[in-house]
Amino acid sequence: MSGVPSTCSALLRELRTSPWVPQYNEADVQKAIDEIDELRTHAHSVAHLDSFSDDDPAWTSTLTAEIQIYTHARACLIAYATCRLSKIMELRWAVGGELPAANRALLSPAELKFADAYDGVLAEYMGAVGGGLDLTNVASPPKELYVGVRVERSAGAVVLASGQVLQLNAHERHLLRRADAEPLILQGLVEHCQQ
Amino acid sequence: MEIDGADPNVNDDVGRLMQAYVNEKCAPHILPYEQQLAGIIVELVGLQEEKMGGELSASDPRRPYYELELERMRWLLRAYLRTRLLKINTHAFTILLSPELKSRLTAAEVEYAEGYVTLVEEHVKASVTGRLKAGDDNCHVLAPSDLALLLPRQHDGVVFCRIDADAGQVDLGLSAGSAELRRGDIVASSFSDVEPLLLSAGADGGPAMATLV
Amino acid sequence: MSAFDQMVDDLLAEEEKVPCEFLHESHHLGWLDDDGDGDMLASGAKIELPVYLASELLRGNHVDVLTPQCFGPQTRNALKADPDVVNLRDKNEFFFAHGLRVAELTPDDEGLPKVLADAFEARYRRMLDTCLTGSDGDPGGLTHRLSSTESKLFRTGLAGQRDYQRWKAGQAGRITACDMIRHARKRQRCAPLGQSSTPA
Amino acid sequence: MSFVPGDIPTAEYEFFAENTIVMIVPNLTLPVLEMIHGNFGPFRPLIPERVPLWFALALKKRQRCSIQLPSWLGVDELTKTLEAERRNERFEDLPQHFFEVAHLLLELARDDFGDARTAHSVEGLLADIEDVRHAKMRAQFARVELGAHGLLGVTRLRGLTPIEINRIRTFATGSLGMLKRLRPAEDAQTQPTQTLPAGLYGQQPAFVDDRALQATLQRRR
């Protein structure tokens, strides 16, 4: 194993094998940033050495290698950041509304800020297309106006899209309008039972 | 079963919007917004909703069927618009850099794309590039190489395309060059090779010469 | 697989290694070589380097790139003899993506592109059969032999097949909870908040 | 939930199919339905009317109509289709939503097939047709020919219905795309940029003041 820095790729590998996103890893991100800074500082100092000559392949190969290594590491870090954003949006689109607390707990402060700001951009678009169509949490095409659901675990009261308040008590069944039922099912609060 | 079009009482636009949705789902990059088509359906949905809230009596036996149809139409519109937004998420940087692709978006979609790109850039600056040491203030800006990273590299992809009108000799861009395409043929081809067929309306602005299946 | 996941895979595939031979000395690069000593990397040093690095050094005529062992004669012969049974995952996780890059960096090795294409095509047929028959489970341990590209394709193939069968069984209209939420919830129940689950 | 080209759930094909116009015989009275999809009715008991399938099925669930089966769904017709399908290498031309409509009617309007035995034979014939076509599809997709007439040939997929293609769409398009990368047309002027020539990050250095460094290196080449 040669000594090419590997913190960035470790972050990517962790992200790649995670069902959603892994806990934001500030320590490793900082370590990766330090690695990039160090290599970059070194590359610049090499170029300013008195003995440095841009005609000498023994020097230019060094520069080439160092620039490539930190450029790659930088790209990995940016990919880590943006790929996590894509997962955040993916979830936002899947459930509609605010991200569940369990998911929010995995995010960095900057990511939470992004999530909230993104909500704003999305709300603006949905307001502009009119008709009050919510484009997120679209489940399978409608078959019936009403959907039968079963409550798995008690989850307190929820406010339905229609403004009605529904008490979710374990093992109870309800017949809800589709628009009311879908978010509850997608968020795993109730189960869809087909007749 | 192909009797839809033959029936003067049936509104073809519904089927055409379904096809527009499938096209959008299958095409690897954004297609022109079906302004007219989607506009008609949005308007009809609005009118129908008005009717339900107004003139139609609460006990009218047709009400549940009207409601179910409205649910179906709203689902279709949502699915179509949603597919486009998700695609814009994926290709936002590419789209905003290409005047041709950008012109395919609605004003609201452009605004969405720009808002979204700004947020991504801000986030990347705050959590990566802005934290790196650099001898220059410009490091807070995303470099072209960072941008290049954010542009998905596979713009093209293979699609299944059904020819809906005799298209004559068509260049499929492969080693064999062109092929004679007849109505009803189905080809698996690069999207870029069949895109012109997909976007070409018939002589009188009628349906396109091909659809994605 | 979204474009963002693809970006991650592309970057990781760029980290796969190729053997390089340095054509001259290089200052300060001794640390790249486990066997070397000191600051200077010797001319003629043979080191395995990630593709992203090897390609730039090759462009500057600093190194020669050799064909990695995972694309060597042994693999080629095995792939020619019976492409289905070769375990590509063991050879290289990103066998085809990496192979394409290696082929670019070793233009003299004219056989490689055809080996890759023929192997992919033969194995594609095998996956096609399994996907289309939609048999459950994993006949012949297929998934363990697939490279990353293949296993992604195979999974989408099986998913398509299962979705179709679910529809035939009258289950397609059933709405289910979103996976991403289920995982996060499960995780939250197992690990206290704020504690990273990253293995040290 | 993120965008993956061509990823369409099978359930959506059923949704599209539900717009197919079918003939029903209602047993209720309803004024004209003025819907977005068109005007249907008025409905009077025993007077056949043309309606979208979803509406027919909604009435059917309330036992308010019987549905007249499309002619292609009769035992004789299906037997002919199956024979032709077996005899010819090409795919028979079927109605766009052949499988979806048949599936829905068998599930929700079984009594309209007459007796239980008829419904059963229809089911058997449909399964056979599906299997024969499926086997052909397998053969066609196994015979990958780059070049010639499009990636897979122009005529040999003719006749496939969308739901059949959808069944393996993402796998097939993904595999063919990869094959195309691996086997670029020999004489073709395929763009070399497709295969990530200079790594993933283009030629530009990430930091502004690195451009000077990069320029230093470029000069030597």
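Chains here go by letter, A, B, C and D, matching the order in which they are written, and residues are numbered from 1 within each.
In this text, a residue touches a chain if its C-beta (ideal position, glycine included) is under 8 Å from a C-beta of that chain, and two chains touch if they have at least 3 such contacts.
Keep in mind that this is a model prediction, so the values were computed, not measured.
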item: Touching chain B and also chain C, the following chains; value: A, D
item: More contacts between chains, A-B or B-D; value: B-D
item: Computed distance of Cα centres, chain D from chain B, in Å; value: 18
item: Interchain centroid distance [CA atoms averaged], chain A/chain C, Å; value: 24
item: Centre-of-Cα separation between chain D and chain A, whole angstrom; value: 32
item: Chain D residues counted as touching two or more neighbouring chains; value: 1-3, 7, 9, 11-12, 14-15, 169, 172, 174, 196, 199-201, 205-207, 209, 217, 220
item: Contacts with 2+ other chains: residues of chain A; value: 40, 44, 57, 60, 64, 67-68, 71-72, 74-75, 79, 82, 86, 89-91, 93-94, 140-141
item: Per-residue multi-chain contacts in chain C, two or more chains; value: 2-4, 7, 10-11, 14, 52, 56, 60-61, 172-173, 178
item: Chain-level touch network, classified as line, ring, star, complete or other; value: complete
item: Sites on chain D touched by chain C in the complex; value: 1-4, 7, 9-11, 14, 103, 107, 134, 137-138, 141-142, 144, 163, 166-172, 174-175, 178-179, 181-183, 195-200, 217, 220-221
item: Chain D-touching residues of chain C, taken from the complex the two chains share; value: 1-4, 10-11, 14, 52, 55-56, 59-61, 96, 100-101, 104, 113, 116-117, 120-121, 124-125, 127-129, 131-132, 149, 152-154, 156-157, 159-161, 163-164, 166-168, 170, 172-173, 178
item: Residues of chain C touching chain B in the complex; value: 2-4, 6-7, 10
item: Complex interface listing, chain D residues touching chain B; value: 1-3, 5-8, 12, 15-16, 18-21, 30-31, 33, 35-40, 50, 54-55, 58, 70, 72, 93, 95-98, 101, 146-155, 157-160, 162, 165, 169, 172-174, 176-177, 180, 185-188, 194, 196, 200-209
item: Residues on chain B engaged by chain D in the complex (per definition of touch); value: 1-4, 7, 9-11, 14-15, 18, 22, 25-28, 41, 44-45, 48, 61-62, 64-66, 68-70, 72-73, 75, 79, 83, 86-87, 89-90, 129, 132, 134-136, 138-139, 141, 143-146, 148-149, 153-154, 157-160, 172-176, 179-181, 184-190, 213
